[in-house]
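Let me begin by handing over the structure; questions about it come next.
Per-chain residue numbering starts at 1, and chain names A, B, C, D, E and F are given in the order in which the chains are listed.
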Amino acid sequence: MTDPDSPRARDVIFGTQQPRIQQRLDRLDPDLGAYIRDFAYDTVYDRPGLDLKSKELIACALLVSLGSPPELRTHIRGAMNAGATEDEVRGALMMCVPYLGFPRTVAAFEVLRQHLNARTDADPSP
Amino acid sequence: MTDPDSPRARDVIFGTQQPRIQQRLDRLDPDLGAYIRDFAYDTVYDRPGLDLKSKELIACALLVSLGSPPELRTHIRGAMNAGATEDEVRGALMMCVPYLGFPRTVAAFEVLRQHLNARTDADPSP
Amino acid sequence: MTDPDSPRARDVIFGTQQPRIQQRLDRLDPDLGAYIRDFAYDTVYDRPGLDLKSKELIACALLVSLGSPPELRTHIRGAMNAGATEDEVRGALMMCVPYLGFPRTVAAFEVLRQHLNARTDADPSP
Amino acid sequence: MTDPDSPRARDVIFGTQQPRIQQRLDRLDPDLGAYIRDFAYDTVYDRPGLDLKSKELIACALLVSLGSPPELRTHIRGAMNAGATEDEVRGALMMCVPYLGFPRTVAAFEVLRQHLNARTDADPSP
Amino acid sequence: MTDPDSPRARDVIFGTQQPRIQQRLDRLDPDLGAYIRDFAYDTVYDRPGLDLKSKELIACALLVSLGSPPELRTHIRGAMNAGATEDEVRGALMMCVPYLGFPRTVAAFEVLRQHLNARTDADPSP
Amino acid sequence: MTDPDSPRARDVIFGTQQPRIQQRLDRLDPDLGAYIRDFAYDTVYDRPGLDLKSKELIACALLVSLGSPPELRTHIRGAMNAGATEDEVRGALMMCVPYLGFPRTVAAFEVLRQHLNARTDADPSP
């Protein structure tokens, strides 16, 4: 059912960090690691019908609703890897204001700030 | 800050139902009605940076997280009014499976089914 | 620890409906009914330190966060029985906008409207 | 990985209602229906390590946390089909009091009451 | 609509920390910072009908429901700045027991303890 | 109503850590500490009808739903003290996948890993 010409969602989202992330999940529980790879990514994420950038912006908003900072940072990076601009990520997080209120949204922008700062520190070129 | 050439988000989302919806909110509480119109729609929704279709797909996912069927139906319609296809709406709701689990997602697809059925009943042409 | 000169919180909140409400809870489960009466009301609610009106306005806000319409109506009535004006109840519900967002708050004002309408219907005097 | 001698969890939980329930889910969305059958039931539920009765009592408690009455009723029936007594179901729901508070728990016992009443109506024998 | 003779809610709640807090929010996102100042505080909080102390006690309870420790500490301080006694803050947090259960409430009292300890350390006078 | 021949739930769950935990709660607020001991444990937990191991596996799942890591670790230990095997705890946490989604479940397995590692460090015997 997935498109053989599209890259896998998890290759785009995780990039070079994929082996490290998968290994961490497998160590927590091998079944859990397999469910996330085979079901969450290779089945649900790779299901056609909506582009990956939109899926990742939605994932970011849902992680704000869950109050899950570490995963939020992973999927802010994933949204940008899938082509989202910083403005689009800010727009996705801002949609949480009318639906979830300010405290959850402020925490999300704090995660965005940390991600952007870390990226700038790693790459000081203009 | 909003783009003067863009239609207002609330005109697109609510279409001809806007006066009825605004009147209902104003009757609940005039301040609440004004906050939703002036802040939620004319300030947050009309903020540039992300297209309206993406905002509405995100709104749908956040309403699944809140378990809010009536608003979900309004914003499924809004997403389609903003250009989302049925497949894209299904894709947005399906993203709730890995983040929120099945019960919330099943309830959301039930709301989608009611919306699609009502639309078919209203317009029996092929 | 409770003040012997104060009326019990549950007498004020439920008024003449108390026997009916307690009977309904006891039928669901006698232990559950006893926990609500003896612990939630006669221990936590009757604990001194904060006036009952404030407790009930807080209860209303917490029920908005839980999305629990039937209990919200009971405690809107309870807040008013404890001396809150309609304006104070509106003020308490409106505080949910910045903390919980609009969908939960709109649902709460709908419950308030139903309560006020039912009261008006029951008492048609000016 | 599943035990070939054990019945499938979904056969026990849904009993004779399984075709009707699966058909309803497939109509909402064929992918969603397949994910629930193949992943939620035939993968996660059929994973060995914990007995089905315990899984269903946990499912009931998680559905109380989600405030999902229709699914709660399905899994109260499922827990009993898997061998739980009425007392054990009451014990599982009562555990929600210290962790989730009273409003969610009262709503859950209301669902239990409806299930027990429907069963009694269907079978008037002693 | 606000009362010109009342101090602004944000002046009372944040006190001397207001410039630092506003600057932090503006750096996260200038629009987000403006929404919180102009909408959350100068519109919703400054809306008449309920006194500021009650609003802040409600804010504390809602932040317990969201599990938001940093904001909870800000609004425990805000409630006290608006005239709430320590006993009243304890009473507001204790109302979370019957509605939200123990884990969220214990986390809230931990935040209160940190706030009271920090205050005592800063001012060792009797 | 409790069984005089059964050990108290809190003696089993907390083991030798009970005095330290109770003292910490009492310092947060003496009433809160008393409510947890006398109501949550000696009334709700000690209520007959469901075995303690099942209660603790349910408690673990509910704490995953609340996103409460410190209490989750306490009750993972409590479930094992009440006789649950590591496989049964993994089975209880895994039930959160279909009901709550992956982020909450991953966080729970991280808490389990920390508990198991700490136990191994404390006891290096095979």
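Here is the rule we go by: a contact is a pair of C-beta atoms (placed from the backbone, for glycine too) under 8 Å apart; a residue touches a chain by one contact, two chains touch by 3 or more.
Labels paired with UniProt names: A, B, C, D, E, F = 4-carboxymuconolactone decarboxylase.
From a predicted model like this one, the values you see are computed outputs, not experimental measurements.
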When you check each chain against subunit B and subunit E, which touch both of them?
A, C, D, F
Pick the pair with more C-beta contacts: D-E or D-F?
D-F
Self-contact between copies subunit C and subunit E, residue sets same or different by half
same
Could you tell me which chain lies farthest from subunit A when each chain's centre is the average position of its Cα atoms?
C
Computing the C-alpha centre of each chain, which chain sits at the greatest distance from subunit E?
D
With centres defined as the mean C-alpha position, give me the subunit C-subunit D separation in Å.
31
When the centre of a chain is set as the mean of its C-alpha atoms, what distance in Å lies between subunit A and subunit C?
41
Set of subunit E residues in contact with two or more other chains:
31, 35-36, 39-40, 44, 47, 63, 66-67, 90, 94, 96-103
Residue numbers of subunit F touching subunit B in their complex, please.
96-103
Subunit B partner, complex, touching residues on subunit D are 25, 27-29, 31-32, 35-36, 40, 63, 66-68, 71
Would you mind writing out the residues of subunit A in touch with subunit E in their complex?
67, 90, 94, 97, 101-107, 109-110, 112-113
Any idea which subunit B residues touch subunit A in the complex?
36, 39-40, 44-45, 47, 49-50, 54-55, 57-59, 61-63, 65-66, 87-88, 90-92, 94-100
In the complex, subunit F touches subunit C at residues 1, 31, 35, 39, 43-44, 47
